[in-house]
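Two complexes, one shared chain (chain A), two partners (chain B, chain C).
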Partner chain A sequence: MWGQILVNGMIAGGKYAMLALGFSLIFGVARIMNLTHTAYYMLSAYLIYYFNQTLSMPLALSYILSITMVIVIGMAVYKVMVAPVRERFTAVLIITLVLAMVVQEAVLIIFGGHYRTLPKLVSGTTQFSGMTLTYQHLFTLGAVIFVLGAIWLLLFKSRLGIAIRAMAMDREVANLMGMPESQIASITVAISVGLAAIAGAVVAPLFIVEPAMWMHPLVVVMAAVILGGLGSIKGSIIGAFILAFAEVGLVFLLPQLAFLRGAVSMAVMLAVLMIRPEGLFGIFMEGER
Partner chain B sequence: MTGDFLEVNNLSKRFGGLHAIRDVSFSVNRQEVVGLIGPNGAGKTTLVRLILGIIKANSGQVIFKGQNLTGKKTWTIVGQGIAGTFQNARPFAHLPIIANVMVPCLGPRASRRGEWVKTVEARAMDALEFVGIADLAKEPASRLSQGDLKRLEVARAIACEPELLILDEPFGGLNPTETSLMAKSIRRLHKGGRFGRLHSEGPAMIIIEHKLSELMKIVDRVIVLNFGETLTMGTPEEVVNDPKVIQAYIGKEVV
Partner chain C sequence: MMQFIAYLTRKLSRDFHGEIISLPTRTILVTAFLALLLLPLFNSNTYILRILTLTCIFSIYAASWDLLGGFAGQISFGHALFFGVAAYTSALLNLRLGLPVLVTIPIGALAAVLSGLVLGLPGLRLKGPYFSLASLAFPIIMMGIVFTFPQLTGGELGISGITRLAATRVREYYLSLMMMLTLVLVMWKIVTSKTGLIFHAIREDEITVRASGINTSLYKMLAFIISGLFAGIAGGMYAHFMRVVGPSTLELIMSLQIIVFVIFGGIATIYGPVVGVFILYPLMEYLRVVPEYRMLIFGLLVVLVLRVMPEGISTFVQDLLEGECPRCKERNAFTRSACRICGTDLDSHTHLNFLKRGA
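Take a look at the complex of A and B:
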């Protein structure tokens, strides 16, 4: 059972980490609290469903098309609707929330409220020290580790990464060093939306696809970011894994309380806000002078 | 006044009821080092923030190398060749010192197409070498002393490879030894040339400073602000002996 907890925790953690990382980056660089974030995750899963099941395209092609389309949609939405009101925090909150609901309603109208499942990208199972693992689980795990590793390299070892982290730490100073803020913000939005789309794509075959699937991850992501410390990249990843293991552990160890899974993150978020608002690696408000 | 390098024309800025900058005009030549002095609250910092586009002027113009920079974004202005430092050192506290200096090296002005991270790092290292804190390169910026922070600010500003450098209190919080070291760096920088892989244009400078005796040694000309207006300008000797300036500074030491 511990092995199951480990594998499921890693997959859920990886999903939340990808989402939280994107959420955190976009908040750091562009100061946008992007409530549409997990709607992109849902949209990506539905687009794969659409390309693969409705248009019967090959699965791999559906993945690529869907991720690309979500990034394009995300960028367009940012440029047209969010960027113009970027400096007004409340307006951003309202607009991004409304957009998320628009996505949900659109999905509901187009695909209906049915629960859908995606075909596995790889099929088959294997035995590993007494547990049965599907290849899809292993594939997802590998993909999650690969993407997180790639993003880590991008952020910490590349020129763009330095620019992004500098911009997240102190916008005004980064501007004074000649960093083109709007350009870097757009690139960050693309990376962030891309991460959400990839998260949706790689985990979708393991989960049920339905029009409200964006809500729970959004709560978890906000809790992870608050737990890790708003603005801390490392913190949001660690926060995501902690919450994922807490959820998975609850489901496996206390199955009779599994219905409380959704409450774990909210409880953690409230507790952190009351006890240690700056989170584990808190650099909360530091860039806000 | 015909300074074709930097021209500031009738710049004004209001904060609510406070007229922080009132009709200020001056110019700076390509070869000049200009001191900007005045009592506290005179509007010195506001003035340079207006030039750098960090805040927007209510009226007036800033013309740099014949281009109108009024209302432009800060990064565009920096891209044109003006760099500045903040009065309170503001490092990227969670980045190592070397990465702090790599940031300006990546700006559109100073970046070289296709350059790898390693090369950018080497260039940033030369900037640290220049100000004399290369040995601290791997430390996080939050560990620096006040004096070293000021040097980091200067290193970051010169890594932008500016033609006009605006320093806001470069000697602030420094002890006499550190101050004279900093003054020496500033003079060397103004001469221009190559510092390792870093190229200095020998920038013109505007320096805000309260330590007048140190400032007067490195500037060609001084502009005095008081209550947001230019009180007077002239050579250091003229300004120091100007009764209006002495009056504005009453209760404060003047050289």
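Take a look at the complex of A and C:
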């Protein structure tokens, strides 16, 4: 039981952490609240389905192709739609939200509303201290840890990462220090969309793929980012894991109340915010008005 | 007595000439309203009346979001809380206690005001995007409560069998049209009063307002209460018009859709959201002729329009048809060469405006 909670919580937490990290990066660097974010996650799952099932390409190739395609689409959308109205918080909000709905409708038209499942990348099961684990679970867990580690290295050890974090802290001063603002914003968008696409790709074989699958993660991701503190990379990852364990714990311990999982994670978020209004690791951006 | 009537007619006609005919956008609004008033005489298609009634109800709801989000700056992603709480309250009072419409809608609105106080509590502590994202939580928690007591709330299926808003479709239409006009005018009066000015100031710079000796917490709470009241009235009317209230009134899309309407119409104007709803809601219904592509066309249209006019459609049209007099800040039709109030020469400025837009 507890082992199941641990494994499922880690996987759900990893999924939310990848999504929340991207959401938080884009908000930190470009000040964009990107409501399309989880739509990319859905899109990558559907593209894998399309390449693998409809065009019957090998699975590994369809993973790579779909992640690249989602990044290209995300960049194009950012350049054409979002970047020109970036300074207006409300216009960005609506454009990204409506784009997410457009993606959902496009998926609905092309693939229909059926529930679909993706084939597992690795098959087979293993016994571990009395519980059965599929290799897909273990693979997903490994992939999540690998991606989060890689992003961690990128952000904290490379020059680009330092520029991204500096931009998130203070846009104007970073610009004065010679960091090209719009270029770094575009790179951040690419990283963020890529994270969402990878999250969709590695997690999709464990969940059902359907056109409304972006809604619930979006809410959880926004809650996780707020819970950890806006603009804080560590905070959004920890926030994602807290909410994931709250959800998974409820589903496993009180299965008859599983319908309350959204409400419980929201209540957790509100409780934290009541004590620390800036989130767990956030800083008040008093200077920015 | 006769003198008084003569005075009234004179004043009315003077106001009509001075304040309405002289400004193209106001003329458009008044014409559109008259058309809506006369519509049932020419067309008694109940389907069209039904759509327009819902449009009126959503206009009240959208304007109430604008009061809170546009004026007081508390951009809320959880506005459906007010709508849903009021709808459920009115429906339950009507069904379980048999109270008439005239009682249930005000009590439902009061319940929405109470929920506004609850939503206001984090609003006092959290700022900007923190509040926007935290407000997401409330309708979701409320939905959890609804699902926890299925005997009372009907759970997934909701509550049905509620009394009608009025006896016939046409009466329901006129009732909601007049309610829309009255409530939107009241909201407009509120935001153009001193209180509205303070709301504006709080959105622009809260610290400065507090430094000027104004209790910002009180005014923010007031914004939540007023907005909750109007959204609650809309929610109660929706319950009695649809005659079924389900969890869909609390869904995320209910909160977000209204923000689309408001920003499309023009934020922080009160009449903008009404224009937005009157354009988008019937359009969304009309697009049912191509059911599969409905949301796709709708979405692309909204995105393209916002891309061209990020301030919203009503502000865009207003800036196109009217210019502001540089001296007395009164609005003038673009055809005028001199300000209608102070007579300042306008031509050079309007030309400049057009040039800027073209660039």
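By definition in this document, the second predicted complex is superposed on the first by the 278 of 289 C-alpha atoms of A that agree within 3 Å, B and C clash if a C-alpha of one lies under 4 Å from a C-alpha of the other, contacts with A are read in each partner's own complex, and residues count from 1 in each chain.
Convention: a contact is a pair of C-beta atoms (placed from the backbone, for glycine too) under 8 Å apart; a residue touches a chain by one contact, two chains touch by 3 or more.
Not measured: the values here are computed from a predicted model.
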| message | Quick check on the superposed pair: does A:A271 touch chain B, chain C, both, or neither? Answer first, second, both or neither. | response | neither
| Touching A:A258, do we find chain B (first), chain C (second), both, or neither? | neither
| message | Output check: A:G279 vs chain B and chain C. Expected answer is one of first, second, both, neither. What do you get? | response | second
| field | Contacts of A:S158 with chain B and chain C, given as first, second, both or neither | value | first
| message | Just to be sure I read the superposition right, which of the two partners does A:L93 touch: chain B = first, chain C = second, or both, or neither? | response | second
| In this superposed model, does chain C or chain B come into contact with more residues of chain A? | C
| task | For A:E181, decide between first (touching chain B), second (touching chain C), both and neither. | result | first
| query | Where on chain A do the contacts with chain B and the contacts with chain C coincide? | reply | 289
| query | Of all residues in chain C, which touch chain A in the complex? | reply | 75, 122, 125-127, 129-130, 132-134, 136-138, 140-141, 143-145, 147-148, 205, 252, 256, 259-260, 263-264, 267, 292-296, 299-300, 302-303, 306-307, 310
| Inside the complex, what are the residues of chain A that reach chain C? | 27, 33, 81, 84-85, 88-91, 93-95, 97-99, 101-102, 104-106, 108-109, 215, 219, 222-223, 225-226, 230, 259-260, 262-264, 266-267, 269-270, 273-274, 277-279, 282, 284, 289
| Which chain A residues qualify as touching chain B in the complex? | 157-159, 162-163, 165-166, 169-170, 172-182, 283, 286, 289
| note | chain B contacts chain A in the complex at 52, 54, 73-76, 78-79, 83-84, 86, 90, 92-95, 99-100, 102-104, 106-111, 115, 117, 120, 156, 159-160
